[in-house]
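Chain naming follows the written order as A, B, C and D, and within any one chain the residues start at number 1.
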Amino acid sequence: MKVLIPEEGWKKKAFTIIYRADTPAGKLFDISLLVAILLSTLLVIWESLPLLNIKYREFFFYSEAILAFFFTIEYYLRVISIRNKKAYVLSTFGIIDLLSIFSFFVSLLFPQIHFLIALRLLRLLRIFRILRLIPYMEETIYILKALQNSYRKILVFLLFVFIISVIIGSLMFIIEDGSDGFGSIPQSIYWAVVTITTVGYGDVAPSTSGGKFLAMILMLCGYGIIAVPTGIMVRETTRIRRSIKLCKRCGNNDNDGDARYCKRCGDKLITED
Amino acid sequence: MKVLIPEEGWKKKAFTIIYRADTPAGKLFDISLLVAILLSTLLVIWESLPLLNIKYREFFFYSEAILAFFFTIEYYLRVISIRNKKAYVLSTFGIIDLLSIFSFFVSLLFPQIHFLIALRLLRLLRIFRILRLIPYMEETIYILKALQNSYRKILVFLLFVFIISVIIGSLMFIIEDGSDGFGSIPQSIYWAVVTITTVGYGDVAPSTSGGKFLAMILMLCGYGIIAVPTGIMVRETTRIRRSIKLCKRCGNNDNDGDARYCKRCGDKLITED
Amino acid sequence: MKVLIPEEGWKKKAFTIIYRADTPAGKLFDISLLVAILLSTLLVIWESLPLLNIKYREFFFYSEAILAFFFTIEYYLRVISIRNKKAYVLSTFGIIDLLSIFSFFVSLLFPQIHFLIALRLLRLLRIFRILRLIPYMEETIYILKALQNSYRKILVFLLFVFIISVIIGSLMFIIEDGSDGFGSIPQSIYWAVVTITTVGYGDVAPSTSGGKFLAMILMLCGYGIIAVPTGIMVRETTRIRRSIKLCKRCGNNDNDGDARYCKRCGDKLITED
Amino acid sequence: MKVLIPEEGWKKKAFTIIYRADTPAGKLFDISLLVAILLSTLLVIWESLPLLNIKYREFFFYSEAILAFFFTIEYYLRVISIRNKKAYVLSTFGIIDLLSIFSFFVSLLFPQIHFLIALRLLRLLRIFRILRLIPYMEETIYILKALQNSYRKILVFLLFVFIISVIIGSLMFIIEDGSDGFGSIPQSIYWAVVTITTVGYGDVAPSTSGGKFLAMILMLCGYGIIAVPTGIMVRETTRIRRSIKLCKRCGNNDNDGDARYCKRCGDKLITED
């Protein structure tokens, strides 16, 4: 992080305020940012309410314009005050920042593109950046780390679940033979996913005996394999803590991976890995 | 706990009966308290049944008055017999005790405030205080301890789940474009939470192909990340057993329970517990 | 088990056939018992189908009489061939055996008591006794053991979930104020349990904004705390394996609880506990 | 695997392309196979859409014929290029390959057998074979391994869940006494499975007080025991890492991977793997 700090005076100050939270100014900035994000979210939500939208149309527009102005300045300062500009712009949070500002200005030009509203809500994810700065919130990082380590395995698992849904769904399409809600394979796959994930809306449910039997198998299956992502997660979670170090002096091999001194004899540990 | 015991005779006796369960009188007190709590809960529930309410209105009123009297005396004795009165009054259980008594007397003055009924049911949580006193029920403490250690992380996780629900919910609002149950973003967020938590009432369900596709992604997502709180919980659960040691010199509180030297600074650890 | 074997000739033979599965006769007995249990279950299920019941009433009656005769003889032999008769009769399986036979004979006298049908299905649980005898099915015992160790903690947890359901349910009763499905507190508690366990039938669903908001909190709550029983279970599961032994010679303290020799130096381990 | 490679020139080349992914030709083959599988799946799905089916009937037929031709050649090459032909033909993937080709040709003769469509989708499972070849996708194998180790225990658990569903389901049949959706025991079992797995369609829901009470017990039960498969899974998952050693002398196969002496008989362990 140190190499990212700009040398010049005011840029360095801006950097400290924006990217850190250990000064009063930095904390104030974070809190006002949090408020702005929540306000902007509430505006999008309120705007979606038919009654409010008609009544306060102008109020909504100007409030959003003010917030967009604030976020644009913030983005500009973020880019200007950091040394490695490219790294920030291309980072996940950098893209989220840009997209959520961008969406407002585009919606000025093309107000009919409703899709842009959702982009603006991406801003909500930025809450986690602010949380990360609060010292006591180290848990956030821990969760993100565990997710980061295991998301690939969980994705493969979800692919597996989806493929089973496709196969059972199409079987169901044949068994139920076009009865309500099973009119095509895509609809049957939708039903299978609703069932295997134990969501179970009930908007589509089997009506024949054979269909109910297959549904029971699928439910039990979904109920049984929910253990798989948990198994993966627990393994990753415990792995973070565990990367054990051996003490050369007393032979104790139960030192934590982050230990610098042997917990049995107090000797300094040498990292080799 | 010892410093809390009052010196005087009858107060000390009351203290032993109320706060402990190792004497016959203490056990009897706990059982009668349990019965009173359950009776008071049943009264609130019965009162809500339209038929019973009209028929036994008077019976309900007098029963509740008697129970309220009993709980008031109990509260008075609890306060009087303990030394550190402030600690009790401001403790979670102390507040629950006061609120549940308070709610009855306020409902006498303002019988139209139905909200007070729910306050009276808070009393049910006191069952756990009684369970805690029964020696074989040490499991309760264990569960509470595990929850206490991990609730912050689980809260951050649930915040994450909720933010995803807000984003996917508003996307759904755009895709379903005001179809039944997706009339506004708050309603769509409600649907998203119902879906991601795998509850799936089915009172709101997507009707368009795009909506069903997004719903499938959200379901699989909810099904996959349910592993996260489990991972957190398992980690906390196993950590309790490990019992961590604090280093007096460098303040590192992540030493294992069996460590003799601090793993960060190598200083000898002193066990006190 | 040895002390339970009777001395006399034919009783000993009957004991080996009934209580063991390591002889061909014993295996044959187990398989025919399994078939009889499944047949008896199918009969109860078929009988419940309105169409079949009218058509094959007599067939059902005689088939059940034959099976009841078979199970009665089996029960008699079980009692007669074991030494410690009382232990068997009062064991869980002994009571299940008796109840399921009993239910048939009572239903002859009082055919209108439908409740007895369910008793007959208790027999299904006996499948696990047979599974237990098959050598490769040691997993069954393992699962039962893990459940046995943790069921108390899980019960306390479920009590906690239920109490939360009672409190939130009655709050919901007040918020929804008697709208469809929330007509009384018991009905609202039913809804709360349906929601917190993530079942979500949708037969009862909140209709007001406040109700939907509370429902979302309850869902997230249920989604978050599902990790608690898992945490308990994982802890119990790993505890079965883990009860580590220390080697006095080399100081290796990572030997399994069932080890007799140190895995590092090969020295004999002395158990003290 | 080495012994499976054929000696001759072109067969060896075909083997490398088909069974391996470390040459450019092998990678190209895998990608085109993946595309063919996805295309074939999309065709089956599109065909099920009533509108598309009528319009593009001929296009669908010829596309499928081309794909079937491709898969037939692939199957032929797989068989011809491997040495141990029997092992491949009888392997899980060998049977899936044959069945999915077979289903197309049979559907030419008997177009009315809709069941064959589902067979063709089995091909989707082959995606995992391709994924397995991609070096970075080692996770797939890991998940399959963990599932393989624990599926038997999970099956016993699901059998247990199903038996509970049968017993509670028939109890519910008696309590609800033929009310809507509980007309027979099989229907009530269907409801019980829907409930205990926390799917909760809501197409069948209890209407009497007794039924609702029993339903609540079943829900809490399902919510509590979902921890069991997780416990099993976590145990298996962590066991894979530990890698167990077999003792040549006493046959004890429960020694830890890092053990040097058998923990049962104290004999020195020889590592071979």
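Following the convention adopted for this analysis, a residue touches a chain if its C-beta (ideal position, glycine included) is under 8 Å from a C-beta of that chain, and two chains touch if they have at least 3 such contacts.
From a predicted model like this one, the values you see are computed outputs, not experimental measurements.
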item: Contact-richer chain pair [A-D vs B-D]; value: A-D
item: Farthest chain relative to chain B (centres taken as mean CA coordinates); value: D
item: Pair from B-C, B-D or A-C with over half of its contact pairs in common with A-B; value: B-C
item: Centroid distance [mean C-alpha coordinates] between chain D and chain A, Å; value: 29
item: Computed distance of Cα centres, chain D from chain B, in Å; value: 41
item: Residue numbers of chain D (touch at least two other chains); value: 157, 186, 189, 198-202, 222, 226, 230, 232, 234, 238
item: Sites on chain D touched by chain C in the complex; value: 152-153, 156-157, 159-160, 163, 166-167, 170-171, 173-174, 177, 183-186, 189, 195, 198-202, 205, 209, 212, 215-216, 219-220, 222-228, 230-232, 234-235, 238, 254-256, 258-268
item: Chain C to chain A touching residues, read off their complex; value: 198-202, 230, 234, 254
item: Contact set on chain A toward chain B in their complex; value: 41, 44-45, 48-50, 114-115, 117-118, 121-122, 124-125, 127-128, 131, 137, 139-140, 142-143, 146-147, 150, 154-155, 157-158, 161-162, 186-187, 189-190, 193-194, 196-203, 222, 226, 229-230, 232-234, 236-238, 241, 254-256, 258-268
